[in-house]
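Alright, structures below, take your time with them.
Presented sequentially are two complexes of chain A, the first with chain B as partner and the second with chain C.
And now, the complex of A and B:
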C-alpha cells in the first residue's frame, strides 16, 4: 500500500465529505484553501477514513507524526512552532511547497497546510503501524 | 419553554451508556398536529432528546468542563411519530470520547417499539464556559436524578408551537419535482435560545432539521410521502440570532416509492449545513 494506491479512495471520501466532485480533488490540493474545508470537515474526514480503511487515527495524529522524536515543548512553545518544530513539520509534510511554511507559524495554523496527499500518507502510516502491531499469524 | 428534553436519567455509566425518559405531555411546547388532528412531538426533537441524553453523560464524564455540540450524523431514522401521552425511553451508547469529539449512537422507544434511531453521531467538544455557567448545568444534571424529575419538565400552558418556528419565511424558487429554495430569518426572540445556549445562543440543528422536513413536504407535494430518514447530516457553522439562512433542496433520486433529496443550507453563501433527506411513500 502506498500513497498512489490509496489516493482514489481518499479522493472519493474527500469529495463526499466536502460535497464536491471527485475530479476536483487533486493530489496536491490544499483542503482549506483550495477545497473549502471547514474544521468540522476534518473531523468528518478522519471518521470516514477510519471506517473505510479500518484504522484508528487518534486526534492530532498528523502533528504527532510530524513531531517525531521531539517532545511537545521542543515542537512548539506558547502555541508557536519552534525552529526545530518547523523543520520537523517541513520534513514530514514534504508534499507541501516550502514557501507555505512561515517563521513563527502557529500550531493551530498547521491544518492550513494539509493537502490530499497528507491524508493519503496518514492512511499509509496508520495501515503500516497496524501491520506492525498485528504481525502475520497473530 | 425549556429546550431540555430528558426528564429523568435512569442509568448512567460514565463515558459509555445512558438511559433516560421523556414524557410527551399536554404541556409540551414543541408539538405538531397530524392529518387527524392528533398532537405529536416534533420528530427531529426526539433526536434532540437522544443527543441531550448522550451529552449529559459526556458533560459529567468531563466534570462539566466540556460539552459536545451537534456536528455530524450518519443517519437519523424516524420510525413513527410520538404522540401526546406516550413515554419515550431513551438510550445512548458512546463509542469514543476524547478532547476533540464524542462518537455515539442513540435510540428512542415507546414501550418495546423502536421509534427513532440516531447512528454515527459525531459531536465536537467545546469549552462549557463558552455556552453556559458550569454551576447551572451541574444543577440541571442533579435535578435529572431527583424523584421530582420523574414526571416531566416544568409544567407550562398548553403546548402550542408557533408555526413560524418550523417553517421557512418564504419560498424563493420552486421547480416541482426538481428543487426548492427557501429563506428564513432566525429571530432573537424564539424560545429555544434561552437554553441553547444562555451565553452563546445558536440555532439547534434539530430545529433546522424540523424546518427542512417541512420544506421537503412542499417539494414532494404529495402528503403520502413522509420523511423516514435524514443522513450525512453535517453542521459546519453556528447560526446565530439575526442570521438569514437559505435552504436549497434538490431531488437526487426518485425510484418507485422512495424520494431522496440533497440539501444545502447556507448563510451569505457560506455553507452551514448539508444533508440528504429520504422520503418514503406510505
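And now, the complex of A and C:
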C-alpha cells in the first residue's frame, strides 16, 4: 500500500465531505486554500477515513508525526512554531512546497498546509503501523 | 462505591472526553455497565474503557457520527453484540462553529443542528426498542439555549431546539415508561471551551455569579446526570434542569 494506491478512495472521500467533484481533488491540492475545507470538514474527513480504511487517526496525529522526537516545548512555544519545529514540520510535510512554511508560523495554522497527499500519507502510515502491531502467528 | 445502578447499561455519546467521560465513570462507579460513543477521539475512548474496566464494569467504545442516522444505526448494531438493553441514554456529544450568525452558512447550521439536536432523535429512535420501563434519557444542553453568547448563535439555536425536542420526546416516550430530560450545565472548563475565543471572559463571568464559589467541573455535571437516573427522580419528566450553581437565576 502506498500513496498512489490509497489516493482514489481518499479523493472520493474528500470530494464527498466537501461536496465537490472527485476530479477537482488533485493529489497536490491544499484542502483549505484550494478545496475550501473548514475545521468541521476535517472532523468529518478523519471520521470517514478511519471508517473506510479501518485505521485509527488520533486527534493531533499529523502534528505528532511531524514533531517526531521533539518535545511539545521544543516544537512550539506560546502557539508559535520554533525553528526546530518548523524544520521538523517541513521535513514531515515534504509534499508541501517549501515556501508555504513561514517563520513564526503558528501551530494552529498547520492545517493550512495540508494537501490531499498529506492525508494519503497519513493512511499509509496508519496502515503500516497496524501491520507492525499485529502479533506474530496471529 | 454504591451498586445502585448494578445490572443497568448506560450509553453515553461524546463519552471519551469532558462531561461524557466524567459521566461514564460516575455511572460505572455506581454499578452500571457502559457503552461510550466517540467521533474522533479514539485514543481517549480506549483510555476511558480501560478506566471503567478497572472499576470492574463492562465497557465498550463505539465510533459513530451521531448526526448521521445510518451511522447511529450501524453503531447500535455493534452495541447489540455486547449488550441487550439500554437503561440510561446520555446524549452528550456536541459540536459547532463559533462565529457571528451573519458569517455562518447553511452548512454550519446543519452541522450544529444535526449534531446537537437531531442526534437525540436518531439515538432515541434506535435505542427505544432496547429501553425497558423506568429507563432515562438525558440530553446535555447549555446556557446558550436561552441567552445570547457572542459567536454562539448557531450552537445556541441548536441547544434551544434540543430542549424543545426533549419536551416533545418526553410526551412520546411517557407511555413506554421512559423519562426524557435535559441538563443545562453552566460554564465547564472542558476541551470544548478551549475553542472559545472569549473563554477567559466566560469563565470569569460564570465565577462572579456562581453561588458555589468554585468552578463547575465535569464531575459536578456527571453527579446531576446520576441523580436523574435514580428511581427517586421518576416524576422529573420533560424538564430542563439547570446545573449551574445558580448562574441562570442570578445577576
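In this text, the second predicted complex is superposed on the first by the 136 of 138 C-alpha atoms of A that agree within 3 Å, B and C clash if a C-alpha of one lies under 4 Å from a C-alpha of the other, contacts with A are read in each partner's own complex, and residues count from 1 in each chain.
Here is the rule we use: contacts are C-beta pairs under 8 Å (C-beta built on N, C-alpha and C of every residue); 3 or more make two chains touch, one makes a residue touch a chain.
Since this is a predicted model, take the numbers as computed values, not measurements.
Applying the stated clash criterion after superposition on chain A shows that chain B and chain C collide. Of the two partner chains, neither chain B nor chain C is touched by A:64.
By the touch criterion defined above, A:44 reaches both chain B and chain C. With both structures placed on the common chain, the touch criterion links A:106 to neither chain B nor chain C.
Common to the chain B-facing and chain C-facing surfaces of chain A are residues 38-40, 43-44, 47, 58-59. Remark: chain C residues 39-43, 63, 65, 95, 97, 108, 111 touch chain A in the complex.
The touching residues of chain B, when paired with chain A in their complex, are 71-72, 98-101, 103, 120, 122, 124, 232, 234-237, 264, 271, 274. The residues of chain A lying in touch with chain B in their complex are 16, 19, 36, 38-41, 43-44, 47, 58-60. Chain A meets chain C in the complex at residues 38-40, 43-44, 46-47, 50-51, 56-59.
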